[in-house]
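Presented sequentially are two complexes of chain A, the first with chain B as partner and the second with chain C.
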Partner chain A sequence: MVTRADGRMPNQLRELSIEHAVLSRADGSSRFSQRDTSALTAVYGPAEVKSSKELLDKATVQTVFRPKTGLAGVDDHVCEAILRQALEPVIQRTANPRTSITVIVQVMHDDGALLACALNSASMALIDAGVPMSAVLAAVTCAWLPAADGSSERRLLLDPTLEEQTAATSIATFAFESTNQEIVFSSTEGQLTVDEYFYTIEMAQKAAANVLAFMRLSLERKFSKSV
Partner chain B sequence: MATIDELFPRIGSVVLPGDALGDLEAGDSADPADGPGSTTSNSSLHAFTQHGGRLRLGPGLAQEGGRVIAASRAGVLQGSMGAASTGTGANAHSSQVARLYIASSQKRYVPAKDELVVGIITDRMGEAFKVDIGAAASASLSFLAFEGATKRNRPNLAIGALVYGKLAVANKDMEPEMVCIDAADKAAGMGELTGGYLIHISSGLTRRLLSRDPAVLIALGKHFALETAIGLNGRTWINAQTPQQVVLIANAIQNSEFMTVAQINAMVQRLVQAL
Partner chain C sequence: MASEAVAAADSVELAQLQRDAETFKRVHPLEYYRRFLSQQLRPDGRGLERFRDTSLSINPLATAHASALAKIGQTSVLCGIKAELAVPSLQTPGWGFVVTNVTFPPMCSASSRLGPPSEQAQALSRLMHGLVVGKQAASSTATAPSVPAPTTPLKSQSAQAGMAESNPADAGARGIVDLNELCITRGELCWCLYVDAVCLDDAGNSTDAALLAIVGALHALVLPAVTLDAASGKPGFNPSGNSTQLTLPATPFAATFSLFDGNAFTLADPTAEEEAMQSGAVTIVADVSSENPTLWTVHKPGGTPLSATALRQCISQAVERIKTLDALLQAELASQSTAME
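And now, the complex of A and B:
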């Protein structure tokens, strides 16, 4: 089997690391890193909501995605919408009606699979804030690379680096919830055949289970220290 | 009689949102699909409720789909078994109550009825004060909800004043309502807090300060007199004879969050010696 530039197997994730409650002023925060890719999330809420955004029967989820440098562009606003779509199903929004839950993701460094890293970090920050949730969210990015020399098949790489991502013909990010490992969010760029798509989901689901196991381990450590 | 650990094998361990902790309707006979090695004692939970046992779910837990008890936040699952008597006289019979909750720590306050909170007066609106209690909505505090207050004799609280009170109304759909009197119309320690200093701490540390033996307060009390008003909204008001002592108390409480009792005693000793 062909190994990757950084020595990983195609279905191997980079090493993960989580830091909980890194910010003192936010209600909840976490920094999630997949080796060099890293995102920091702050969660505020359930807090007062602007009356124009108030929902009578549920909490308003607001997301902000801040790039590493400069002002947020169109791509970043797309990420905000994606984050909101992916997080809303796992947050028990009816538990705190007429409030706002604000999730602010700050990109610390992008070395590929940034969206998955942002989702994972937001998931951990929401848990740190104690926001009622129906499940934990874990996300994985996958990339399809053109066939290597001497082979006719495209290759699927999990958790791609930026280098792999730029060489990719299509990129897909999936988020799964923890109770039944069901897919709650899917985003794809580029073209995939139906078979490729389902194969990608299958591989991402297995990888997400590992991400989730790591999150659980990390939270167990955190709570065994504090209680 | 089943113990709480038999009903919920995960007591004492860390649970995450979405974790299923018990199934109320699983049959008495072990599910063959679980295999012989299955350690979940769902069957005994079913038996418990069938024999009149009751479940009381605390913070972080909810019944999902009417049968599964699921966690909605991360923390350590805690519980206890107690007796509850129902009915009176000849009809009285006692049944067991299994109490279950998730111990976790939060910074943001979600109001709950009957909880004591420290609030800041932000506005006067007609017949009531508006009080910031650190929750999503501010609470209202009627002019008449003070000991000895009448229509003519109104409490004179300035904007920015601190009050210690109890939440009389707190639910997710209504504005919280606060009072500074107990059921007998007495202040009972509630009312305006004058002087002193306000600190912000997590809900986990607040609950520890309110426990029967709060190590840090006991250790401090051995050295000098101190006064506290501990609000479950994460705001704690402290006072002592000198400003130096107030600063020391504030530091000691905030330092104590992740310490053992021995560490707390050593820390307080060190701070007092430096005073």
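And now, the complex of A and C:
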């Protein structure tokens, strides 16, 4: 079995860590890390909404995606839009009509699988804020790398580092909701056959279940009281 | 039963009925749609899986190096390509540049305004750019050396340092255009292609139309023979050289589906009205040049959750659609070449 540069197995995620309620002023916050990749999210809301953005029957979800340094560029705006569209279906928006829920993601460090990390962090922060949700999102990135030993088989690596991501020929990111494990978000770069694509989904789904289990454990620890 | 009622009604009642339907649509747009969709039909007369009539015309503009106009129903996207000479960047001396942009000017729909590109335009530009240049180049700097991209300067990423120049044999990471082909003299002279797609009329599903227009224009592109004059070091037109066309080994097309009313219905090729009410969308970009279709991207930017089975169904529908688009492009190119002779 070929292991990876950092000693992981191909289907092994990096160590996860979650810190809850790290910010004092936000209604909810969370820092989610996949070893060196890390994102910090603050959630404000349900709060007052600008009248131009007010929706009569549901809450307006606003997202901000801040890069580690510098001003937000096109890619960051695209991430912003993805975060909003991925979070909207799991937030029970009709529970708080005519309000705004603002999700602000600050990239702390990018060592690959950044979007997945941002999505995980945002879904944890929403729970911390007590925003009514119908499911929790768990996101995973997968990368297909050319075979190392000259064989024609490509390798599928879960949760790639930046180095692996750069070497990859195809990258896919998925977000699953927790109730039926159905696909909320899918984005791929580079070519895949149909079979490879569905194999990637299958592997990502299993990995997402692990991410979810870790989220649950972390929340249980947070809410349990020592006697 | 409804049709009997209509047949029985005189013209005054018919007008009344039409007005009522119009009112009903305004007051309960979703319910209005549900009534149609439950009969496996859409208000514009299409079945749920049916795409609108699609047409492509190659080189409608005389002033661009290449152009194409794609129409899907009322939706029209015009793509023009301008080729300029540039100096390759130091990191990628063997590559030319491609700057892809999709714009939604105020005339295309009521929701697009003058000013900086909208979120939709940025997302679509990014998607198209990724498809045109491929994964490796998309994650590196993509702007031309001296001239900044007109509206959306694509941000360079930190992945640059480890970036290797593409080897086209490296299947899986290629784009529509092989950037190696745009290089004239390594490290000294290359082409910079400005691929600008303008949405003239946004009647829904501008993604499919934009990619069709871009692909059409790239196929029509003929680059004049240019050589670097050794004595002066200046590029010059070489009248004895052959003008070149890009190889374009694989051509992807897009097929978009709209998830409607939760995910109760999957509508192919949504109109603007359907897009405004949809609960999610999936865009599938694939090429069918080989026996097994290759997926270039499956883009589902959120919205209602979808099972893998439902996604598989969308993909098989998309492949059928893409086959017709491929045939359309081939037919258009063939008629173009006979017209030239």
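We take it that the second predicted complex is superposed on the first by the 224 of 227 C-alpha atoms of A that agree within 3 Å, B and C clash if a C-alpha of one lies under 4 Å from a C-alpha of the other, contacts with A are read in each partner's own complex, and residues count from 1 in each chain.
Following the convention adopted for this analysis, a contact is a pair of C-beta atoms (placed from the backbone, for glycine too) under 8 Å apart; a residue touches a chain by one contact, two chains touch by 3 or more.
This structure is a prediction, so every number in the text was calculated from the model and none was measured.
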Inset, instruction - Superpose on chain A as described above, then tell me if chain B and chain C fit or clash. - result: fit
Inset, instruction - Could you tell me if A:Arg84 is touching chain B, chain C, both of them or neither one (first, second, both, neither)? - result: second
Legend entry - Touched partner set for A:Thr3, first chain B, second chain C, both or neither: neither
Inset, instruction - For A:Gln165, select first, second, both or neither according to whether it touches chain B, chain C, the two together, or no partner. - result: second
Inset, instruction - Tell me which partner A:Glu177 touches in the superposition: chain B (first), chain C (second), both or neither. - result: both
Inset, instruction - Please work out whether A:Phe185 is in contact with chain B alone, chain C alone, both, or neither, and reply first, second, both or neither. - result: second
Inset, instruction - For A:Arg154, select first, second, both or neither according to whether it touches chain B, chain C, the two together, or no partner. - result: second
Inset, instruction - Scan A:Val74 for contacts with chain B and chain C and give back first, second, both or neither. - result: second
Inset, instruction - Count the residues of chain A touched by chain B and by chain C, then name the partner with the higher count. - result: C
Legend entry - Contacts of A:Ser17 with chain B and chain C, given as first, second, both or neither: neither
Inset, instruction - May I ask you to decide whether A:Thr193 touches chain B, chain C, both, or neither, giving the answer as first, second, both or neither? - result: second
Inset, instruction - Look across chain B and chain C in the superposition and give the shortest C-alpha distance you find, in Å. - result: 14
Inset, instruction - Residue by residue on chain A, keep only those touching chain B in one complex and chain C in the other, then list them. - result: 135, 177
Inset, instruction - Would you mind writing out the residues of chain A in touch with chain C in their complex? - result: 73-78, 80-82, 84-89, 110, 135, 144, 146, 154, 162-163, 165-171, 175-177, 180, 182-194, 197-198, 201-202, 205
Inset, instruction - State the interface residues of chain C toward chain A in the complex, per the touch definition above. - result: 119, 122-123, 125-126, 130, 134-135, 138-139, 152-155, 157-159, 162-163, 170-174, 279-280, 282, 292-308, 311-312, 315
Inset, instruction - Quick one: which bits of chain A touch chain B in the complex? Just the residue numbers, please. - result: 26-28, 44-49, 90, 92, 95-100, 127, 129-136, 177-179, 215-216, 219-220, 223-227
Inset, instruction - Show which residues of chain B lie in contact with chain A when the two form their complex. - result: 13-14, 16-20, 60, 64, 70, 72-76, 103-108, 110, 136-137, 172-173, 204, 257-258
